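Okay, here's the structure, questions in a sec.
In this document, chain identifiers A, B, C and D correspond to the written order of the chains, with residue numbering beginning at 1 in each.
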């Protein structure tokens, strides 16, 4: 683990392309991968929240990941999200992730039965991480979706003793004080991947150097600009770009959020992602017309 | 559907017996079934919250259900819980439930991606119910676990138009006004199965005639007494028995709630249910000693 | 305290009548008191949530209470709500309540700074109760409004040691297990006044013998019927009446809840209560027309 | 309003000094004011959350404000918090603030009865702001305490039409996207005062130029350093100082938060603030010893 390269820059949380009958459209992943490569995005986060992991079967999740690995051809990093309420399913996915060639794994906290303590969370993840051999493991912290709001810094400290491959956390939470604490732990031992696209500037200000996000898929240059500006200490420029990102995020919120609204924008930008699976309702023609209008109003399509 | 018999009395939500390595202990289900039969409980609710459904794989859930059907030998009713965040998994489980001979199915709302409207919930359940053919379908409403708090009465009315087999709801919520409204709909068209054991008396007062609960497993006579007393309009007697139930529930809350604490009591009463799967932590020897002491203090073991 | 008579039956939580300019309409309290007397309601709860206590100044609260005492002429009991985020204001109100002749006091938990423990809550109330001399003190428990959800049974036990006048609790919460525990404490030492009108039947089933409610003001006979039926062990009759109450509560919820909607119904039934103070918005003419229509649909006006 | 100077830099939210009997210690305000002046802090925010406004009577709030105005002698700005659940009390406080010479007023949302819409909130504040004549009005947004989470940008836009003196918002919330939107409105028409000390760097990154905080009282140079560093585009330096602030905030959280823990630190630093009023429990000798030790561990006292 010692010499492993840390994640840097943008990791796009991928949407899962679907056909009209809501079967997975594995064929589109090739186009999607070539698009990602062209944008210069540093990696993808496969079958996370954006990828509707909880709406997919275990075998679908495996095949989606394998397809991404095959299509990426090493051009960018691949982080496999293997989280599940069912520890055994997560272990199976973790093992598969290693076998098929992913660069790392991440897992969200179980959210039906919620871990009562940090120790419960560590014990839940321990065999999952171990199933992926040497692949780095990231705890995907997202209290707004899971209702699990255990102290991440304590998790990292306690977890490291039990999980040798623990690399850090995908921190999708607006508790930026906690993010700062995690970044500062043991002089920066852990990677903290910023999670909320609309406030990337704040995570970078706190010291993050990488982010995982769904809107990176369709406005990558905005975020690449934010990262570059902050590296150059040009806060003013980063802020102007962040406000651009916020304009787009305000629109997706209007259409049900980053998964539902984001998938619709992907369709408009030429990657055929189709509709979401239930319980997320399909996008109607009227909505597409309204969305296009909203995007035109902010000159989304140059 | 017209002449289908309505559920009445007590339906025990079964625990999933597990071995020391946390594999499912299918062999114990036979003993468990004979115990249930002896108690006079009217039916079982298999692989629900109490049964740790979200911690089980799809194939495990099928095999557990099949084993219950086989062991019950028609002595009591079997309701299969088929709910899942993944609609396709739920459909597969629903189809299997019909094939293997269950008497009805139930499904909890998806809780990672939450349905935004009653319509989304109906659309989510529609193909699941259809996969079970003519089996009656119950919506398992449990906002405290799912965070989904859509109006159940509206769900029943709208759902009935799309789901011909919709029989009613397992109502695990302390909004007893809403329960009353559901019971009164269309002059009692829908079955409303009371869900919180510690307040069964209040559900019966509102008009419920059946309940699904986990503590029915180990103090069935208390609840049978409550139902009988309320049928005889003896509120005072029902109340005394309800206070007995509350004494037991206060103890299980102390040990982590009905799943973790309840499973430990099952072990003490002779059904080898073992420990829960992560993220629910195992029960220690010290805890068993304390639990036994607490139960002795209320003369649990006569 | 020993021989003090316990509260029984219905205590109406009074609305605070207001003029068009939203000044308190003290003059209407006389009519209101004669109306209450005519209904046979057992008492009033003055300046509680329904009475918009938090929107009133300290001097207004005193004058409203004095007016009620004067107008009641001993025909029914008067419980003064003296709760406030400011302990010193509550002490002043408690002292005034005793001086002016109220029969008891109640106080809600402070809800901006929330007590962290039961001990904090006891310490907060102790000097307030003491300021009212021998008047019985009721803890007004209403977690949905205050966000304070400390164990009421523990409060009663610990509080009794510090507050000799502690009589019980106005229990406005749907945790009916906790209500049952409070009723059973020390063989029924404490009075538990049921708080949610729409589920009065469930509180009576648990053992309550008195209730405090806002809809008692305009459909008293419904609730008197529920209490009488439950005393006669006629659960069926009580349930039918409770469903009548629920029909009315469903309408007030549609108009913003028991304070805003209830005040409008009072105006329609002839007690000139006027509008609520901000932040509760005034009732428009259109809303009055709709409300009248809704009430006609359930034959509210015989 | 046109030429009014905008707030810049640090505004300390003052603690309310109290005697052993928990009466307000007006005499200490002189020392406190001289201390503030010496630190170079730009202004004070009087009788806000930190000042325990909800635990004070109206007359105490007036006298505290008057004392601050008198003792400040124009050396720094004075913002009077006049918020109350009772609109009339808030109007009285607003009028007094103008009369006695405050530089601006702020009001928190009513939190017992919560405004249902932005319009309700505007209507609630309109007569309060008007009572202070030409003094600039700030909406004190703090959803974690009030439970009121209405869109602040919509409030500013709609409010400006009704409240000519509306200057902006004290934004105490970790929704930094919303803060960014407020800052960007109408090319920066509104002042947005950053509220959470532990993440000041993130608010400055989003474009804020002023903050209101309680820890500014005892580590002012840390925050002055953060502001200066960010003005110089030295994000790295600002981050190091922010981590220093976080070390202190972690300690006050351990002792019950910024009001209780902060007041104890003030006592240690020589301003005799005494204890908090109930329901906030007093600080024990043991706690002072532990707190001193915790502060020594981070070299708080140089």
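Here is the rule we go by: a residue touches a chain if its C-beta (ideal position, glycine included) is under 8 Å from a C-beta of that chain, and two chains touch if they have at least 3 such contacts.
This is a predicted model, so every value here is computed, not measured.
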{"item": "Pair from A-B, B-C or A-D with over half of its contact pairs in common with C-D", "value": "A-B"}
{"item": "Copies chain B and chain C touch via same or different residues, half shared test", "value": "same"}
{"item": "Interchain centroid distance [CA atoms averaged], chain A/chain B, Å", "value": "35"}
{"item": "Distance from the mean Cα position of chain D to that of chain B, given in whole angstrom", "value": "50"}
{"item": "Sites on chain D at which at least two other chains make contact", "value": "none"}
{"item": "Chain contact topology (line, ring, star, complete or other)", "value": "ring"}
{"item": "Set of all touching chain pairs, with the criterion as stated earlier", "value": "A-B, A-D, B-C, C-D"}
{"item": "Chain A-touching residues of chain D, taken from the complex the two chains share", "value": "174-177, 180-181, 184, 196, 198-199, 201-202, 204-207, 230, 233-236, 238-239, 242-243, 246, 249-250"}
{"item": "Chain D to chain C touching residues, read off their complex", "value": "49, 52, 54-58, 85-89, 109-117, 119-121, 123-124, 145, 147, 256, 259, 277-281"}
